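In what follows, a single structure is set out as structure tokens and then discussed.
Naming follows writing order (A, B, C, D, E, F, G and H), and every chain is counted from residue 1.
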Amino acid sequence: MSTAPYPIEKLSRDRAAVVLVDHQVGLLLGVEDPDRELLRRNVMALAKTAKAYGLPVVLTTSAESGPNGILLPELRAELPDAPVVRRPGEIDAFDNEEFAAAIRATGRDQLIIAGISTDVCVSFAAQSAVAAGYQAHAVLDASGTWNHLATLAAARRMENAGVTLNNTVAVAAELQGDWRNQGGDQLAGLFASHAMPFYGSLIPYVTPQD
Amino acid sequence: MSTAPYPIEKLSRDRAAVVLVDHQVGLLLGVEDPDRELLRRNVMALAKTAKAYGLPVVLTTSAESGPNGILLPELRAELPDAPVVRRPGEIDAFDNEEFAAAIRATGRDQLIIAGISTDVCVSFAAQSAVAAGYQAHAVLDASGTWNHLATLAAARRMENAGVTLNNTVAVAAELQGDWRNQGGDQLAGLFASHAMPFYGSLIPYVTPQD
Amino acid sequence: MSTAPYPIEKLSRDRAAVVLVDHQVGLLLGVEDPDRELLRRNVMALAKTAKAYGLPVVLTTSAESGPNGILLPELRAELPDAPVVRRPGEIDAFDNEEFAAAIRATGRDQLIIAGISTDVCVSFAAQSAVAAGYQAHAVLDASGTWNHLATLAAARRMENAGVTLNNTVAVAAELQGDWRNQGGDQLAGLFASHAMPFYGSLIPYVTPQD
Amino acid sequence: MSTAPYPIEKLSRDRAAVVLVDHQVGLLLGVEDPDRELLRRNVMALAKTAKAYGLPVVLTTSAESGPNGILLPELRAELPDAPVVRRPGEIDAFDNEEFAAAIRATGRDQLIIAGISTDVCVSFAAQSAVAAGYQAHAVLDASGTWNHLATLAAARRMENAGVTLNNTVAVAAELQGDWRNQGGDQLAGLFASHAMPFYGSLIPYVTPQD
Amino acid sequence: MSTAPYPIEKLSRDRAAVVLVDHQVGLLLGVEDPDRELLRRNVMALAKTAKAYGLPVVLTTSAESGPNGILLPELRAELPDAPVVRRPGEIDAFDNEEFAAAIRATGRDQLIIAGISTDVCVSFAAQSAVAAGYQAHAVLDASGTWNHLATLAAARRMENAGVTLNNTVAVAAELQGDWRNQGGDQLAGLFASHAMPFYGSLIPYVTPQD
Amino acid sequence: MSTAPYPIEKLSRDRAAVVLVDHQVGLLLGVEDPDRELLRRNVMALAKTAKAYGLPVVLTTSAESGPNGILLPELRAELPDAPVVRRPGEIDAFDNEEFAAAIRATGRDQLIIAGISTDVCVSFAAQSAVAAGYQAHAVLDASGTWNHLATLAAARRMENAGVTLNNTVAVAAELQGDWRNQGGDQLAGLFASHAMPFYGSLIPYVTPQD
Amino acid sequence: MSTAPYPIEKLSRDRAAVVLVDHQVGLLLGVEDPDRELLRRNVMALAKTAKAYGLPVVLTTSAESGPNGILLPELRAELPDAPVVRRPGEIDAFDNEEFAAAIRATGRDQLIIAGISTDVCVSFAAQSAVAAGYQAHAVLDASGTWNHLATLAAARRMENAGVTLNNTVAVAAELQGDWRNQGGDQLAGLFASHAMPFYGSLIPYVTPQD
Amino acid sequence: MSTAPYPIEKLSRDRAAVVLVDHQVGLLLGVEDPDRELLRRNVMALAKTAKAYGLPVVLTTSAESGPNGILLPELRAELPDAPVVRRPGEIDAFDNEEFAAAIRATGRDQLIIAGISTDVCVSFAAQSAVAAGYQAHAVLDASGTWNHLATLAAARRMENAGVTLNNTVAVAAELQGDWRNQGGDQLAGLFASHAMPFYGSLIPYVTPQD
């Protein structure tokens, strides 16, 4: 576990891409950890973060015509131009060559990965990403799984394979770095509307009201 | 903690065996973490996974005529041909030569282990498996124990001894690899009926109804 | 984190002593993790385990005449012959020479430590034990602390310092090894009455009733 | 993870400073882990601990005129003389030169850090502190964040970067060392009023009442 | 609230019918109170209870081709001969004349009603049943709804309208009356397999094993 | 408790009005029962329900320029034409003559009331509504309060004063009556987006996808 | 609901008997509400309360040789002289003439009833007791059942039938009336050891220590 | 249950007194429902409410020199002039003539009662108050008891005896009536500091900062 110290690993807008794996309507219905609506808000915040910073996004789904269901419509609507790799069967997204190529095409070496489920789609992809030479960050609260022991097992396997465990707000904050950098206003907005709803309650207090 | 990166450790149908330790009716009644019925569904899913992939299974019990009680009848019914090693007293299953021999007889070097309790039966067997040269995966959500601190202690001891922490759905998915591989249909079925009941609710939507 | 593999570390009746730190009536009233009565049952089980196997026990308390209160009376009654080191002020028990001498006097090199609180009394003593050359096992569910984040921090600090995290039932099972060894009947009895009350419910089913 | 054994790392009154990052009224309203009022009591206890031992304290806030809001008034009232670095935008406090200078000015090399949120303000500052050569302790229960998965990710990232995870009571106890040392009475008082309210209930039993 | 005293209201095999409203695969996925799998086990136990005692059963569903989905397949398989009234739109089942006629056709005046959701399908049907002169029992744990406040509101509305609140095991026990009456063995069996899984663990202890 | 039987009390589109009391951004931040985001989704669903059925809505707030804060902006945006009575100090909205007049102006006699907090704003207004001759329904899950005992006390006081306890989905379903009535499509849509998010996951399965 | 006002209903040592229904080892294993060990402590406290005040006790069990199992051994040991009515099949204890006679033989008209389960054994017996002219108190926290909705339904049915809902400590306190009355010391003792374990922690503070 | 409609029962500053029963340091340590610190904040808020409105307060304690301990010191400090009736043994405070006289001496007929425990001290006193002709309000969240079933039983008994269930904030709001009435500023202050800590976070946003 010789992960390099933090400053070296800092996520950067120039090196990072966002990878969203199997955020499908059916799979969401089986999530027990975390709360499903928390997950939904966080993955939307992650999508909006990517847009705010101009990060490339790769979407992928598995067997949409089966029980897994389609990609979350609001996610697709938020990212209409992102490529969607529809995997015909590969469980580890990196086993799908189209997906691997889409990742390479981003030209990025820091992959911010979320998905459903944490223990399968996220864990397999993140571990393969590390094996392929990428820095991989698993965004735990924009992902979900079936019970708290599956979360525990997945977190340990990923960390042991060299994946960095992360969460939605910390990813965004690390990319922002300084609120005065470009994107700060958008970030506050998406925190308020999605990742941190209490922020939305506070903004009116510091904004002139008509 | 120099566990090799994920691709090297991938569970494979040719190398894996399933080991179910002390899933006995009495012991189940004492489980507080996870929910007892979740555990029951997951261990059945694990048994069915073994059958779907033709993995050898070794069952073992301890003192069935005492308070521990008999092997879960539904588990025995699912796996009528698997050897059952009835240990007369050894707490670490590997201390029982018949058990150790049964494991060797599988010819496999990847042991997928679940049991009751996580902190004793699973932890001792999994650590001894590693000491004996096997790769050992402890399936946390097909196992159970007495309180959340026992889960915590057992998970840390096992990981430090080189055991991989895993969970039911992730084990099955890793063995399946690609939904188009043999066993995919069976896997969806056992997810639907056992490990992921929400899946059973979704299947009718994508299956022609009379 | 180069803790040796499990078989080397096995707790043994010849090498182990039990150390109970500050299980005082007042401190117990502040415990929020785990449940207070669970803690009480487990520490009693640990005391009875020591008696069943003839392990030396060292008790210690801090400032009994102050808010911490006296040693749990039922614990004292269970272990009337164990030395009680009443520390006048040292928070880390090993800073008290009388305590350190009592430990040395046991002639044992495996210390099974529980106490209130996990984050102070257990953590400091266990870390100092490792520094002094002992193998130290912290029994998490016979100890307690103020909130779940204190548990998390204490567990991580102890593990990083070389302490093995353990739990009551696993400690007893490891010392027993085989139910046919001496002490097996007593162990079942103390499990039934203290550490695993469901076991007490099951014993009548397999015991002839008048 | 070669953190040195505990005795070497002991916090000391001569080497430690307390750093409180963004304990602002608005941010507190978004905390879900731990309980908000628990956090408030613990950060006050940490402030009072610093005063009791004469430790230098550095306070910092971010964008007080925005939704984050002002520094907790009771914290400011407790520490009227501590410098407050009002960061105009830097999310990692160490990116702010005034803050870094204030830390250097303390002349201390052990930084006891708490803040809101654990996953951003505490995690970034603590990791940067380690990178800058400080020993950093993150006080988890005097900090807070948005959900339990954010706590998990932050704790793992910090530990992997060399930060020691700690909690309020353990920090104070480690600095006190022996209840007979200077500050013992004050410590019992602040435990009773803030970090451990049950202690406040017990003190009257051992104090002469009129 | 002048509900007559208990003995007058006793459920009887000669007077009771079971009414299951909208136990559809999609609706089940939205249930948050109680646990979904508990609900599933209880409604199956209720169906088996009806069979064991020869009670007429009326099933009804709403908009099966829409998001509500089909009737739970295992429920249909258990009760292949029960009439299923597929309501084209009426939310209160009694607004559907085919349903009202099916109820009348049972010739029973005690209606044991469960469904999804408690606050709509069960509450409306049970209140209308009372208005139509039936005795109505709402089986809370074979029903489910969206949150605990919806449970609270529905329970109060039903009780105020004269509906008796009940639960699965109590309904079956009241119909059985004496374990020596016909149906006692079947009842123990369905408790063991569905409503009270712990019972299934205990049966082997009192049954001769091969 | 002689509330009339259900059919007499049925909510109707011709008689009902929606009254939303003090859903202000600051008050929302103090809600502990139910979950804040659940409350937010439900009050939005209630507002959309009113629009779908053409029910008059009366909004009221208290001391918006103080800590209570402004009306939830998304609620105001949803209902731009509804009157907002800004009470200068009256805690019971009916003590404000402008509010009472606004209610009278709706010409409705069934008031569907939600607000923050359940125990003050909702309880006082609902009890006064009954005293003034209205039928009052308190929508518990579109309201919120400070702890579960406040919910309990408020629910009992309201029921004893003749208020009907209700919940968001049941109110909407009662107004709809039959899914084939006007408004059915809109209702499914607002359930899907707000009150029952799982419904939004299921709709794609029964909707042709491109 | 015209239950007479409190002072008229006061439990009295001259009029009360304790009735414990089906506290059997197997049934206890299925209890989910309340915590099983809390229930065990409370029923023991109730038994000791009866002894302290000389109240007659009637015990009854159902099918002890089956899965229900034997009467809790510690309960039998506490009350060796109380009659035990072993019902061969009647679920409502009052349907068993031997039981009804044992109750009559107590000569008491206030029955303090606890049992497993709340929704069957307690509810049926308590309702029949009221029908037979007794005052019946159901001691909820010395009883237990399968889920929180079963508790809710049982509590409502009992109350509507005229049963008073009560709890262990309140029953004992009502019988005691004044701590200076006979039995006060014993009551403090059984609170300390069983119903209120925190009391046991406090007693040493006010008792001279050697 | 013919409690008069709300407007008749309104609490008024001219008719109300506050009665605090057995808020003693030892009893507080046994409270499990609600959270102990929530209870402490609420009873302090109730005391401050009484002061703000000039309501007479009667304090009473039981056996202070025993395990119950002394009156909460912060409560005594807040109300130095209120009479404290130290009951030598009576459990129902109204059985103590000095207490009954102190209540009469207030000249008030609306008693706002809180205490530890809800099921004994509050329930008995509140029921006796009703029997003596007072209006009694039991403030549930400024009181506490041993488990949730004790809360349930106590709440039902009190309501059936004619006691109004209430909570801290609702009591204060009802006495205030209109924020512009005398005491409004003080009320906001005590809400902010005690009953509703989130309010304290919001006040700085609407208060000019230096």
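Heads up, the rule we're going with is that a residue touches a chain if its C-beta (ideal position, glycine included) is under 8 Å from a C-beta of that chain, and two chains touch if they have at least 3 such contacts.
Fair warning: this is a prediction, and the values are worked out from it, not measured in the lab.
Colleague: From the centre of chain D, which other chain's Cα mean sits the farthest off?
Modeller: Of all the other chains, the one whose centre lies farthest from chain D is E.
Colleague: Could you compare the number of C-beta pairs in contact for A-H with that for F-H and name the larger?
Modeller: Higher C-beta contact count between the two pairs: F-H.
Colleague: What's the distance between the Cα centroids of chain D and chain G, rounded to whole Å?
Modeller: From the centre of chain D to the centre of chain G is 49 Å.
Colleague: Would you mind pulling out the distance in Å between where the CA atoms of chain A average out and where those of chain G do?
Modeller: Once rounded, the distance between the two centres reads 55 Å.
Colleague: With centres defined as the mean C-alpha position, give me the chain D-chain F separation in Å.
Modeller: The answer is 43 Å.
Colleague: On chain A, where are the residues touching two or more other chains?
Modeller: Expected reply: 1, 26, 29, 69, 198, 201-202, 205-206.
Colleague: Quick one: which chain pairs are touching?
Modeller: Touch list across chains, by label: A-B, A-D, A-F, A-H, B-C, B-E, B-F, C-D, C-E, C-G, D-G, D-H, E-F, E-G, F-H, G-H.
Colleague: Looking at the complex, which residues from chain A come into contact with chain D?
Modeller: Checking each residue of chain A against chain D gives 1, 3, 5-7, 33-34, 38, 140-141, 151, 155, 159, 164-170, 173-174, 176-181, 184, 188, 192, 195-196, 198-199, 201-203, 205-206.
Colleague: Inside the complex, what are the residues of chain H that reach chain G?
Modeller: 1, 26, 29-30, 62-63, 65-69, 88-92, 95, 117, 119-120, 123-124, 127-128, 130-131, 145-150, 152-154, 156-157, 160-162
Colleague: Contact residues on chain B for chain E in the complex?
Modeller: Counting only chain B, the residues touching chain E are 25-26, 28-29, 36-38, 40-41, 69-70, 73, 197-198, 200-202, 204-205, 209.
Colleague: Which chain H residues qualify as touching chain A in the complex?
Modeller: 202, 205-206
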